[in-house]
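Please find the structures below.
The following pair of complexes shares a single chain, chain A, combined with chain B in the former and chain C in the latter.
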Partner chain A sequence: MPIDNVFEIKNLSTSFFTRDGEVQAVRDVSFSLRRGETLGIVGESGSGKSVTFLSALGLLAASGKVKGGQALFNGRDLLASSAKELRKVRGKDIAMVFQDPMSSLNPLKTIGKQVAEALEVHTGLGRAEIRRRAIRMLEAVRIPEAAKRYDSFPHEFSGGMRQRVVIAMALICGPSLVIADEPTTALDVTIQDQILRLLRELKRESDSSIVFISHDLAVIASMCERVVVMYGGMIMEEALIGELFESPAHPYTMGLLRSIPVIDQDKGALLEPIPGSPPDMLAPPPGCPFVARCVHARAVCAVSPPPYREVSKTRRSRCWLWADDAPVEGNVFKERSAAYARA
Partner chain B sequence: MLELRDIVKRFPVKGPGRRVVHAVEGVSFSIPPGETLGLVGESGCGKSTVARTAMRIYEPTSGSILLDGEDITGMRERELKTRRKKIQMIFQDPYASLNARMKVRDIIAEPLVAHGAFGSQAETTEAVASILERVGLGRQHMNRYPHEFSGGQRQRIGIARALILGPKVMICDEPISALDVSIQAQVVNLLKSIQRENGISYLFIAHDLAMVRYVSHTVGVMYLGRIVERCRSEEIYGRPLHPYTKGLLASAPSPRPPEPGAERAPSIEGDIPSPIAPPPGCAFHTRCRYAEAACREAIPVLRQVESGHEVACHLF
Partner chain C sequence: MAWYVAKRVATMFATLFAVVLLTFMLMHSIPGGPFTAERKLPDAVEQALVKKYNLDAPLHEQFIDYVRGLLVFDLGPSFKYEGRSVNEFIAEGFPLSSRLGLMSIVFILFLALPLGCVSAIKSGKWQDLLIMFLATLGITIPSFVIATALMYLFSYRLGWLPVFGVSSVKGYVLPVIALSGYSLAFITRLMRSSLLEVMGQDYIRTARAKGLSETAVLVKHAMRNALLPVVTILGPTLASLLTGSFVIEKIFALPGMGIHFVTSIANRDYTAIMGITIFYATILVAMVFIVDIFYVMIDPRIKLQ
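== the complex of A and B ==
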C-alpha cells in the first residue's frame, strides 16, 4: 500500500442478521483516503455509508457482522485488531462526530469534563494541563468565554454550540483521521453554515484527514476534494468533486443531479425524479442495485453486478456501460470512455 | 382561497412565572386559487404553527382565518367539520402520520367516512382506487398495510388521503424533509401536477430554499414569528432585500462545488434567539450586520417597498 494512504477499505462486506433475514448493508466496498485529504461519502438512507465506517471501527450493533474485507489504518487492519486495541485507536487516532450532538454528550457531565475525557484516557497529562488544553480546544471551536463555559452542562447550550463541543471532543487528541457522519444534518441552515465554516478553518490548520458522510451533495461539495457515491450497499462511482458534478460517470449520480433543484433553476424546467424506490436490502437484486430505476439498464445489469473499474486516472465507476464490450448505441459513456482511453 | 389576518399564537410555558412562547406574532397572507405560498425559515420561526393554526389544530390567540371567503376562526366544531373538506393537510413524517394497523384502502377512505360522504362499499372502493392511481400507486396496493411501503410511497398515500375529499387548499408541512433525495422530486412533481389539473392552493412549508422556490409562486420568509420578506419566488432568490433573507441564501450550500478561491458570501453569525424572550425591536437585530439604534427599539412592519415586494426592515 502506498504510504500516503492513511485509511483504506478493501472489499468490505457487512450484513445484519435480523428476524426477517440477512440485510446485506455493505457489499464489496473499496476506497482509500490520502493523508490530509477530505473525502465525501454521499448516499441515501440505507446506502451503507455509515455502516462501512461502523464496521471498520468495531462499532456495529450485535446483529451486524463483517463478512469479509480489510480496513487498513496506517497499514494496520482494524478488522483484525482486538477490542482493546480498537479502544486505543478510537478517540485518539481516529475520532468521530455524529449527527445528533445530544446523543454524543452526557447530559450529567460538564462540557469541559467531556472534552477533557479523551486526554485523561489516552494521555498521562496532569489535571491542570488537561484543563488548560480542553479550554484551548473549546476556544478553537469558537465557544465564547470558553474558560467560563467549561463548567456548563450540555442543556445550557444551543444545538450549534453542542455540535462545536462534540467537534472539540473529537479533535482534542489531534487525531490523524476524523469521521464526520452527517454532522450538520440536525442543524438549521445558518448554523450548519457556521459549523461547515468552522470545519474548513480547522482543516486548514491541521493535517488530519477527514471523511465527511452526508446525504446532501451540496454539503459534500462545499467540504470535500473527492467523493464516493454509494447506493444499495455498493459504491457506484468515485471522482474528484468537480468531475462528479461536471460529468457524472454513473446513471444513479446523473439521476440524482437532475432531481435536485438549484437555487437559480429555470422554473419552467421540471425536475426529473429518479423513478421507483431504493432496493430492499433483504433481497437485493443479484446484479446492479440500481437496475430497477436505471433508464440505461440492459439484460446483463439485472443478472450480475458490474465490475468496479477505473475509467480514468481519478475516477472509478460500477456500471456495465463502461465495459469494453458495452454497446455503442445509446451508450452515454462510450465517447468519454474513448476519450479517457486516449488520455 | 385561504387568508390569514394578523394571526397571533402564543403558548404558555409550564413552570413559574407567566412566560409565553411567542410562536406567531401577527402573520397575514392570502393564497389565491391555484397558487402556492411557500414559507421558509429556521426552527422556531413559527412556520409550522402558522400551518396548524390555519387548520385550526391550534386556536389562534388573536386574528382570523378565512377559508374560501368565510371566517372560520370562531366556528364551532360541528360547523367547522363541513368546512374541513375544503382544507386538508399532509405531514412531514410519512411513517408517523399513517395508522399502522389500517389497510391503505381504509386509511384513504377514512375522511369519506368521517364526513359522511361515502356511498356504497363499491363506490368507496372505486373512489380509493382512482385516487391511488392519481398519486402514482395502484389498485393492487389497497389491501396492504403502511409498513409494506417505502417512505415516498407512504407520502403518496398521505397525499391520496388528503385529496379524497376534493379540498381547495392543502397545507403541506415539510412534506419532503423526511424523504430521500431521489424521492423528493417525485413527490414535489406530483404536487405540482395535481395543482395544474385541479387548481388547488398550497401552503408549502419547508426549510430547503431551492425546493421552496421550485414549487412556490410566492415566498414568505419567517423569522421568530413574523414574515420579514415576501414577494414572487423569482424575486426573493434573484433580488433578496431583507438582511436575514440574504444571509439565509448565503448560508445554504450551493449544490455545485464552489469555484476554487471563490469568495463565500457573508452568512449569519450567532444563534436563533429564544421565542420565549424574543429581542426587542426587530427580532433579527442581534444577528444583523446592518443593525442601527432604531432596530433595537421599534418593530419594523411588513410594507411594500417595490411592486409586489414586501419587507419588514428599517433599512427600507
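== the complex of A and C ==
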C-alpha cells in the first residue's frame, strides 16, 4: 500500500438486519484517500454513502453489521480495532460533520460545552485552556462574539450558525481526516454557499484530508478534486472531478449529469430525470444494480455484476460496456475511446 | 423568573376557584342530602339541622359563606359526625398518607429509573424481557391483589412483617410496595421508552463520534433528555400518592386520607367531600407547579414568558 494513502476502504460490505430481512446497504466497496485530498462521494439517498463511513468508525445503528472488508486509517484496520482503540481515533484523528444541524446538537447542553467536549475526552488540558481553545475554534468558524455565545444553547442559533458549531465540534482536535456527511443539505442555498466557502477556507489552512458526502454533484464539484459515484451500495465510477463532468464513464453518472440544470441552457430544453427508482436493497438484482434504469443495458448486465475496471490511470468504472468482449457498435464508451484514438 | 412564578401562582388560584365552584355546584345539585337516612328523622329535627348548618339560605349565600371559610383554611364542620370538622379529618389522615406517599415516591424513583435504564440499554436481551414482564404485571395486577399476596407471603407464611398498622417501621414496608406497584411499573416503562428514543437521536451519534465512551454518552447526553417525560408525569403521580389510597389503607387498616374521602361520599357528607376534593386539587396544582419550575431548570428551550 502506498504510504500516502491516509484512508483506504477495502472490499467493505455492510448489511442491516431488519424484521423484513437483510438490507445490503454496502456491497464490496473499495477506494482510497490520499493525504490532503478532498474526495467527494456522490449518490442518491440509500446508495450506501454514509453507511460506508459509519461502518468504518463503528457508529452503525444496532441493526447494522459489517460483513467483511477493511477500513485502513494510516495503515491500521479500524474494523479490527477494539471499541476502546476506536474511541481514541474518533473525534481526535477522524471527525465527522453530520447532516442535520438541528438534530445533531444536544438541545440541553451549551454549544461551548459541546464544542469543547472532544478536547476534554482526548487531551489532558485544563478547563481554562479547553475553554480558550473552544472559543478560538468558534471564532475560526466565524461565530460572531464567540466568547459570549459559548454559553448559548443550540435553540438560540439559526440553522447556518448551528452547522458552523457542528463543524467547529469536528475540527477542534485538529483531525487528519474529516468526514463531512451532507453538511449543507439541510440549509438553504445562500447559507449553503457560506458553509462551503468556510469549509474551503478551513481546508486551505490545514493539511487534513476531507471526504465530502453529498447527493448534489454541483456541491461536490465546488469542493472536491476526485469523486466516487455510488449506487445501490456499490461504487459505479471513480474519477477526477473534471473528467467526470467531461466524459462520464458510467451510464448512471451520465444520467446524473443530464438531470442537473444548466444556467445558459436552452429555455425549451427539459431536464431529463433518470426513469425508475433505485433497487430494493432487501433483494438487490444479481447483476448491475442500475440495470433496470439503464438505457445501455446488455443481457449480461441483469445476470452478473460488472467488474470494477480501470478505465484510465485516474479512473475506474463498474460497467459491462467496458468489458473486452463488449460490442463496439452503439457502445457509448468504446465509440468515444475510438474517437479519442483517431484524434 | 419572579414574573413567571407570580403568573403561575395567579393561575393556580384561578384553577382552585374553578374546582371549588364546580364541586360546590355538583354537591348541591345531586339529589338527597346529608340528613336523608333510611330511618327518616322527625321533620322538626331535620329542619333544625338544616337551619343549624345554614342549608336553607339561598345557594349564592351558602357559597360565599363557604369560600369565606376557605380563605381562613376552614373547611367547615362535618355533616355526619357531630362536633367534628373536615380540617380534623385531614389533620388526622394526611400525615400518615403523605408519609406513605413520600416513602413510595422515593422507593419508585430509586427502582424505576435504574430499571428503566437497564431495560433500555439491554433492549431485547433477557434483562429487558424480565424487567418488562414484571412491569407489565405491575401495571395489570390491581393493588389490592398485590397487597393481599404480599400480606399472605410475608406476614402470614413467613411472619416477617406485621399484617396491619404502622406502629413500627416494618409496618410501612408492605403498604409502600403495594402502593408503589402501579407507578413503579409505569415509570419504569416510561423511562425505558424515553431513553430508547433518546439513544436513537442524532446528537447521541454525534457524541459517540467525538470519542465519548458509552457510559459518558449515557450520563452526559442521554439521561437528562430522557428524564424530561418522567419529570412531567412525576407531578400528578406524587399528588395521588401523597393523598392516600382507599384500597391500601383499607387492606392494611391504616387511618389515612383515602378512607375519609371514600366514606364521606357514602355518608353524603357534603363538606367533607368538598373539603377533601379541594385539598386534593390544591396538592395536585402545587405539584404540577413544582414540576413546571423544575422543568424550566432542566430544559433551556422552555421560555419563561
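Structural remarks
In this text, the second predicted complex is superposed on the first by the 334 of 343 C-alpha atoms of A that agree within 3 Å, B and C clash if a C-alpha of one lies under 4 Å from a C-alpha of the other, contacts with A are read in each partner's own complex, and residues count from 1 in each chain.
We take it that a contact is a pair of C-beta atoms (placed from the backbone, for glycine too) under 8 Å apart; a residue touches a chain by one contact, two chains touch by 3 or more.
Remember, predicted model here, so these are calculated numbers, not experimental data.
Shared-chain residue A:Leu57: touches chain C; no touch with chain B. Touch criterion met: A:Ser158 reaches chain B, while chain C stays clear of it. Once the two complexes are overlaid on the shared chain, A:Arg87 sits against chain C while remaining clear of chain B. Once the two complexes are overlaid on the shared chain, A:Pro275 sits against chain B while remaining clear of chain C.
Legend: residue contacts after superposition of the two complexes on their common chain; A:Leu108 is shown touching chain C, with no touch to chain B.
Look at A:Gly255: by the touch rule set out above, it reaches chain B but stays clear of chain C.
Ranked by how many residues of chain A each touches, chain B and chain C are led by B. In the superposed pair of complexes, A:Ala95 makes contact with chain C only, with no contact to chain B.
Shared contact residues of chain A with chain B and chain C: none.
Across the complex, chain A meets chain C through its residues 57, 59, 61, 87-92, 95-96, 98, 100, 103-109, 117-118, 121-122, 153, 155, 166, 169.
Listing the residues of chain B that touch chain A in their complex gives 42-43, 150, 152-153, 180-186, 188-189, 192, 207, 209-211, 213-214, 233-234, 237-238, 247-258, 264, 267-269, 271-272.
Against chain B, in their complex, chain A makes its touches with residues 44-45, 158, 160-161, 188-194, 196-197, 215-219, 221-222, 241-242, 245, 255-256, 259-265, 267, 270-275, 277-278, 293. Interface residues of chain C, counted against chain A in their complex, comprise 200-203, 205-213, 216, 220-221, 224-225, 298-301.
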